[in-house]
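Here's the structure, in C-alpha cells; my notes come after.
Chain IDs A, B, C and D follow the sequence of writing; residue 1 opens each chain.
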Amino acid sequence: MEMPVLAAAVVPIFAANPFTDPVGVIHYLVVGAVLFTAGIACMTLKRNALGVLMGIELVLNGANMNFVAFSSPYLRADGAPTLGLDGQVIALFVILLAAAEAAVALAITLNFYNNHATVDVDRADDLKG
Amino acid sequence: MEIFHVGNTVMGGSALMLDTLLPFAASVPSQHVSLPFGAVVLAGINWHSVLFLLFAALTCAFAIGVVAADNVVRMALYLVFSLGSAAGLFFLAGAEFIGAMQLMIYVGGTLVLLVFGVMLTAQAPFVSIKPSSSDKTLAAVAGASLLALLLTAVFSVDAWLAPGAGVVPPPSATPLGMALVGVRVDDSPVGAPSTGRSGYMLPFEIVSVHLLVVLVGAAYLARAKRRKTPRAIDALASSEPFAGRAAVSGAVQVTGARAAGGSSSALVGGGR
Amino acid sequence: MADFLIGLGLPGWLAWTVAALVAAVLILNVIAGGALAFIWAERKIAARIQDRLGPTRTGGRFGWLQSLADGIKLLAKEDLMPEGADGLLFRLAPYVSFCASFCAFIALPFAFDVVGQRLNVGVFFVVAVLGLEVFGVILAGYASASKWSLFGAMREAAQVVSYEVPLGMCVVVPVMLAGTMDLVTIAEKQAGWFTNWYLFHDPFTFVVFWVYVTCAVASVNRAPFDLAEAESELVAGFHTEYSGLRWSFFFMAEYGSMFLVSALAAVLFMGGWNGPVPVATILGLSEGTGDTAAYLVRLIGLANLIGKATLGVLAMMWIRWTLPRLRIDQVMTTCLKYCTPIAAVMFAGAMLWQLFLPAGLLPGWRRPPGEVREGWLEGPGGSAVGHGVPVSGIGPASRDVLATRSPR
Amino acid sequence: MAHLIDDDPRIIEFDVRTDEMLVNMGPQHPSTHGVLRLVLRTDGEIVSETEPHIGYLHRCAEKIGENVSPRQWIPYTDRLDYLAAMNMNLGWALTVEKLMRHEVSEKARHLRVLIAELNRIASHLVGMGAYGLDLGTFSPFLYAFREREKILDLFEEACGARLTYSYLTVGGATADLPSGWLQKCEAFLDQFEPVIKEYHALLTTNAIFVKRTAGIGLLSREMAIDYGCSGPVLRGSGVDQDMRRDGESIYTGMYDGYAFEVAVQKDGRYPRDHTYPTVPSEAILGDCWHRFFVRMLEVVQSMDLVRQAIDRYAACREPLGEPLKLSEKLPIGDAYLETEAPKGQMGFYVVGNGTSIPWRVRARSSSFSNLSVTHALCRGCLIADVPAIVGSLDIVMGEIDR
C-alpha cells in the first residue's frame, strides 16, 4: 500500500525539472530525512564517543531542517499556512541547546577518557549488572 | 523613517557587483521574481532551485560521509561541511539569521569536536575505533528502512508536495529579534495581524540561564584537578630570598598554559 | 551586466552565469590581487622599518613585481607532502582556509550597493564565516603529521575560539547603535562628516574600536598574536610542511582575512565608504542625479573603503614589525581577562548611553539616531515590518516597485 | 599578596590524561642559534625535560692545536666564538704569553683592550638582536646588525677580515691600526650612544618583551655557580664576578688604570642605574630579563672602556712591537688562563714541551657551561619559553662543539 503511494508521490517530483521548478517544502523535508537517518546511523554505528556526538548533531540538524522548511513562506504556495516565526525560533533554540548539549557531552567524554583512556563507548560498561 | 531604497541589490544576486560599476548595465529593463538569496528565475532556469540542489546534495553527501568515515577528524570535517551546506539551505529558505547562527554556533561547536578528536587520538595520529563490517551492514539496512519510512511519511502529505510560490517579503532578522525580546511584529500565518500571540521572552531567558548552567556544569565536569607535585622551582623556594617571587611567576606561567591548552578551549567553544 | 549580455543575444541562463562568475572573479581578485599588493607592501614596509631597501629590481623600480615573481616561483615549486600525512586533509586544508576567507567577502559592501550579496545579517555572517578559517589551520596542523604543526593548530584553535567572544561583543556595539546587522545600513547611518562615525559616537564606542582592533589582529593571527606560526618557536607552525602553491593559499587567506577585518572595522566604526569628508555631497553628486553621478559616488565610496581597509592592513604590518610575540598563556590572558570584560563593559556603557543620551553630548553635532526604533515599537500588531516600516533594506512595499525596475 | 596564594608553585593542574610528546627542536630550527639540537619532552605546551644534543659543529680544533704552533692556531680560535673572534684571539695569545712569561708593549696592551671591548660590543649586539628574533620581533635584529656592521668595518680596516680576524696574536697584534682609525672609532661611538636608547625602547622596556622575559628562566645564584656559568649569565644572577677585575694578573694587568664597574646588581641596583631604564617590577634577579640587561649594560661599559683605551693608545709613543715568531720554542710547563670573553669566561690550557708545537691544547668554553643549565631552567616552562631561555644564555655553537 505504502510503496505505490510513495512512487506516486515521487514520480512527479522526478518528472519535474529541478532546474526550473521552484523548491517546495518537500525538498527540504527529504534533505532533513537524509540528515536524520545519517545521524541515527551514526549514533548506532560509531563506537567512538565523538562519533556518537556527531550523530546527535546530525539528527538535530535534520529536525532543524524541517522546522525551517515549515516556517519558510518561500517554500509554500502563496497564502498557504506556515509555522512562521515559531519555526525559526524553535530552530534557534535547537541550535543553542545542541551547543549546550555538545559542551556537556564533551565534558563527559573527557572524563570518560580520563578514566578509561579511550573514547570507545563499548567500554563504558562499568554499570553492567 | 530611514529607508534605503537599495532594493535592487536583492535581485541581481552576486552579479550585482559589476553592475554597480558599469553604468550601461542599468539600461535594459527585465522582469524577475524576487527570491531569497538573490536568486532569480530567468529564461527558465530557477537559480534558487539550482542552488538548493547544490547545497542539498552537499549536505546529504557529507552527512553520509560522516557515517562512512572511520577517522574522527575526517568525520568532524565532513560534519562541518554538512552543517555548513545546511546553513546554505537555511539561507535559501529565507532564514538568514538561523543560517548565520548555524555557521557560528554549530560549526564553531564542531570545531571544538574536531580539536577534541585530534587531542584524544593524538597518541596514534590516525587511530580509529572501527565498527565491524556486520555492524555496518546492519546499520545500512536499518538506515535504509528508516529513510524509506521517513520518505513515505514525507510524501504522504499532499500540502507538502505543492511547490513554493517564491514571492514574499525579503527576509529580515528583525521580527525574530523582536520576538525574542517578547514583541511579535511578524505576520500571522494566514495574513491577519496576530495580536494575541506572545513573544519568546521567557524561553529566551530560560535558554540563556540554561546556557549559563551548562557553561558552569561543563567547566565543573572537565575542571582541572589540582595535585601537589614537587617541581624544580621548589629547590629555589627554600634557598633564596627572591625565590618566593620566582616561584609565583613560574606558577602563573604554568597554570596559564594549562588553561590555554586544554580546558579553556573546551569551555569557550562549548559554551558558545 | 546580465541584462547587457542578454541584450547581446546571449541566452538568459548563460548571461546570469557569466555575470555571477564575473562578480565572483572580481571578489577573488580583491583577495588575490590584494594579497599580491599587500605582500609587496609588507616587504617594502618591513624593509623601511628595518633600515633596508626591500625588493628593488623586479619589475623595474621599487620591485613592484616581486610578489608576482614569487608567485611564479611558488607555482614552479614542488608540492611536497610528508610521508605520514593524511593526504586528503593535507591537500584540502589550504583551500578550506582560503574559501572561508573568500566567502566572507560575499557580504562585505565595498560601496553603496557594491556588495556581492546584501544580507540582513551581514555582520553576523562575516564574523561567522571568518571564524571558519581556523578549520583549514587545524586540518593542516593535524594532517601534516608534524608535531610543530600540531602545536600551531592547537594554539590557533584555542586562540581563535577565545577571541571570537570579545570580537563578537565589539561587533555588537555598532549593530546596536545602527539597529540592524545589515552592513550596508550600518555604513549608511554614518554618512556625512567623520564626526558621524561610530568611532566618535560616544566614549564607549571609541574604546570598543580599540578592543576590536586587538581582537581582529588576534583572530587573523598577526603579530604579536601570530602564535600559530610562531617562527622562533614552532618553525613555521601549522604550515611547516607546506610548500609551493598550497602554502601560498594559506598566505593569501591570511592577507584576505587581514583586509576583511580591516574593511569590517571601516564599515562598523569608520563610516564604511563615507569618507571623513563627504566629498560627493559637497560636489553635489548623489545617487539620484543620474547614472554617471551614481557611478562616481560609488567610485569615491569604493576608494574610501579600500583606502581605510588598506590603512588598517598597513597598521597591522607596522605592529608586526615592531613588537615581540606574546606567549600563548599571555594571549589567552589578554583575551579572557582584558578584552572580554572591557568589551562587555563598553557594550553595556554604549547601551546606557544610547538609552539616556541618544542625541549625544553635543546635539546637532551629530545626526540624532533612532528613527527606526520608533517604528519597531509601534506594537505587536505586526505593523512594523509587515506594513511599511522596512527595517533593513526593502519591505514589501518597495518590492512591487522593484519588480518593474531594472536591477542596477 | 593574597591573590597569589592560589598560584602555589607546587601545585600543577592536571585535567586531561595526557601523553608525553618528544619533540626535536633543531638542529634545523630557526631559534637554536646554529646547530644546537634540543630534545624536548613536553606535555602539551609544557616542557618537562630539555636535553641539549651537541657536537654537530665539532671539528677537532683542540687536536689541531697540538699540531701547529700557537700563532698558527690563532685562526682556529677565531672559529670558536666566531662572533667575538678578537676575544678568542686574545685569550689564546695571553695564555701562551703566560706560559712564555712574555710581556707585550704598553701600546699593544691598550690596543688589545680597545679591540677586545669593541668586539664585546659587536658580540652583545648580535646576542641582543638574536634574542629579539627569538621572541618574535625581527626589527631589533637588523638594527643591531646595522651597528655591528660599522664595527666590522672598523675591524676590516684594521686587519682585513670581517669575521675571523686573527688580529690579536701571541706577542701583540699582527699590525698596528691604520691612521685615522681612532677618529672613525670615536665617530662610531658618538653615533652609537643614542642608538642604545632605541634598543631599550624596542626591547628592554617593551611591555611584551618584559612579559616574555621577566621571571622566566630563573637561575639562582647558587645554581649559576654550581653549573659553572660565567659572563653575563653569571652576573645576571647577581654574582659579582668579572675576570677583567678578578682574573689573573696577566689579564687584569691589561685593564690596569681603566675605570669600569662590573655590570651586576648589587644591593638591588645596577651600577649607574639612574642612566638606564629602571628594572621592571616583574623582573627577578636571575631571570632572562636580567641576563639581557646585563649585556645591555656591558655594551655601554665597553664603550666607556673603548673611549679610555683610545686615549691611552693615542698617548703611547713607543712602537707596537712584533708578534712572536712562528718557530718560537715553548718552555716546558703548562699554563691555564681564563679571560672574560663576551659570552663568559673563556679558558685556554696549553702544555709546552720545549718545541714550538704545544703538547696539549685545551679550551674551556663558557657557552658549554652556560648551556648546561638549559635543562634546569626549562623544566616546567612553556615551549615558547625555550627559545627565550636558550636565547638569554647567548650561546655560540662554534665554541661549544669546537
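The working rule: contacts are C-beta pairs under 8 Å (C-beta built on N, C-alpha and C of every residue); 3 or more make two chains touch, one makes a residue touch a chain.
Since the structure is predicted, the reported quantities are computational estimates derived from the model, not experimental observations.
Distance from per-chain Cα centroids to the pooled protein Cα centroid is smallest for C.
Relative to chain D, the most remote chain by averaged C-alpha coordinates is A. Distance between chain A and chain C, defined via averaged C-alpha coordinates, is recorded as 32 Å. Rounded to whole angstrom units, the spacing between the C-alpha centres of chain A and chain D is 66.
Centroid to centroid, with C-alpha atoms defining each point, chain A and chain B lie 13 Å apart.
With centres defined as mean CA coordinates, chain C is found 20 Å away from chain B.
For chain A, residues touching at least two other chains, in rising order: 110, 113. Shared contact sites, meaning residues of chain C that touch two or more other chains, fall at 154-155, 327-330. Residue positions of chain B touching 2 or more other chains, listed in rising order: 44-45, 97, 101, 112, 119, 122, 175, 184, 186-188, 222, 253, 257, 259-261, 269, 272.
Those residues of chain A that touch chain B in the shared complex are 2, 5-6, 9-10, 12-13, 16, 18-31, 33-42, 44-48, 50-51, 53-55, 57-58, 61, 64-65, 68-69, 71-85, 88-89, 91-93, 95-104, 106-111, 113, 118-120.
Those residues of chain B that touch chain A in the shared complex are 35-36, 41, 44-46, 48-50, 52-53, 56, 59-60, 63-64, 66-67, 72, 75-76, 79, 82-83, 86, 89-90, 92-95, 97-98, 101-102, 105-106, 109-110, 112-113, 116-117, 120-121, 128-131, 135-136, 139-140, 142-143, 146-148, 150-152, 154-156, 159-168, 175-176, 179-180, 184, 186-191, 200, 203, 207, 210-211, 214-215, 217-219, 221-222, 266-267, 269-272.
Across the complex, chain B is touched by residues 1-4, 6-7, 11-13, 16, 19-20, 22-24, 26-27, 84, 86, 88-89, 92, 106, 110-121, 124-125, 127-129, 131-132, 134-135, 138-139, 141-143, 145, 150, 153-155, 157-158, 161-162, 164-165, 180-181, 184-185, 188-189, 291-292, 294-295, 298-299, 327-333, 336, 371-372, 375-377, 379-386, 389-396, 398-399, 402-408 of chain C. Residues 21, 23, 29-31, 44-45, 132-139, 142-143, 146, 202-203, 206, 208-209, 211-212, 382-387 of chain D are the ones touching chain C in the complex.
For chain C in complex with chain D, the residues that touch the partner chain are 46, 49-52, 147-148, 151, 154-155, 223-224, 226-227, 230-235, 321-330.
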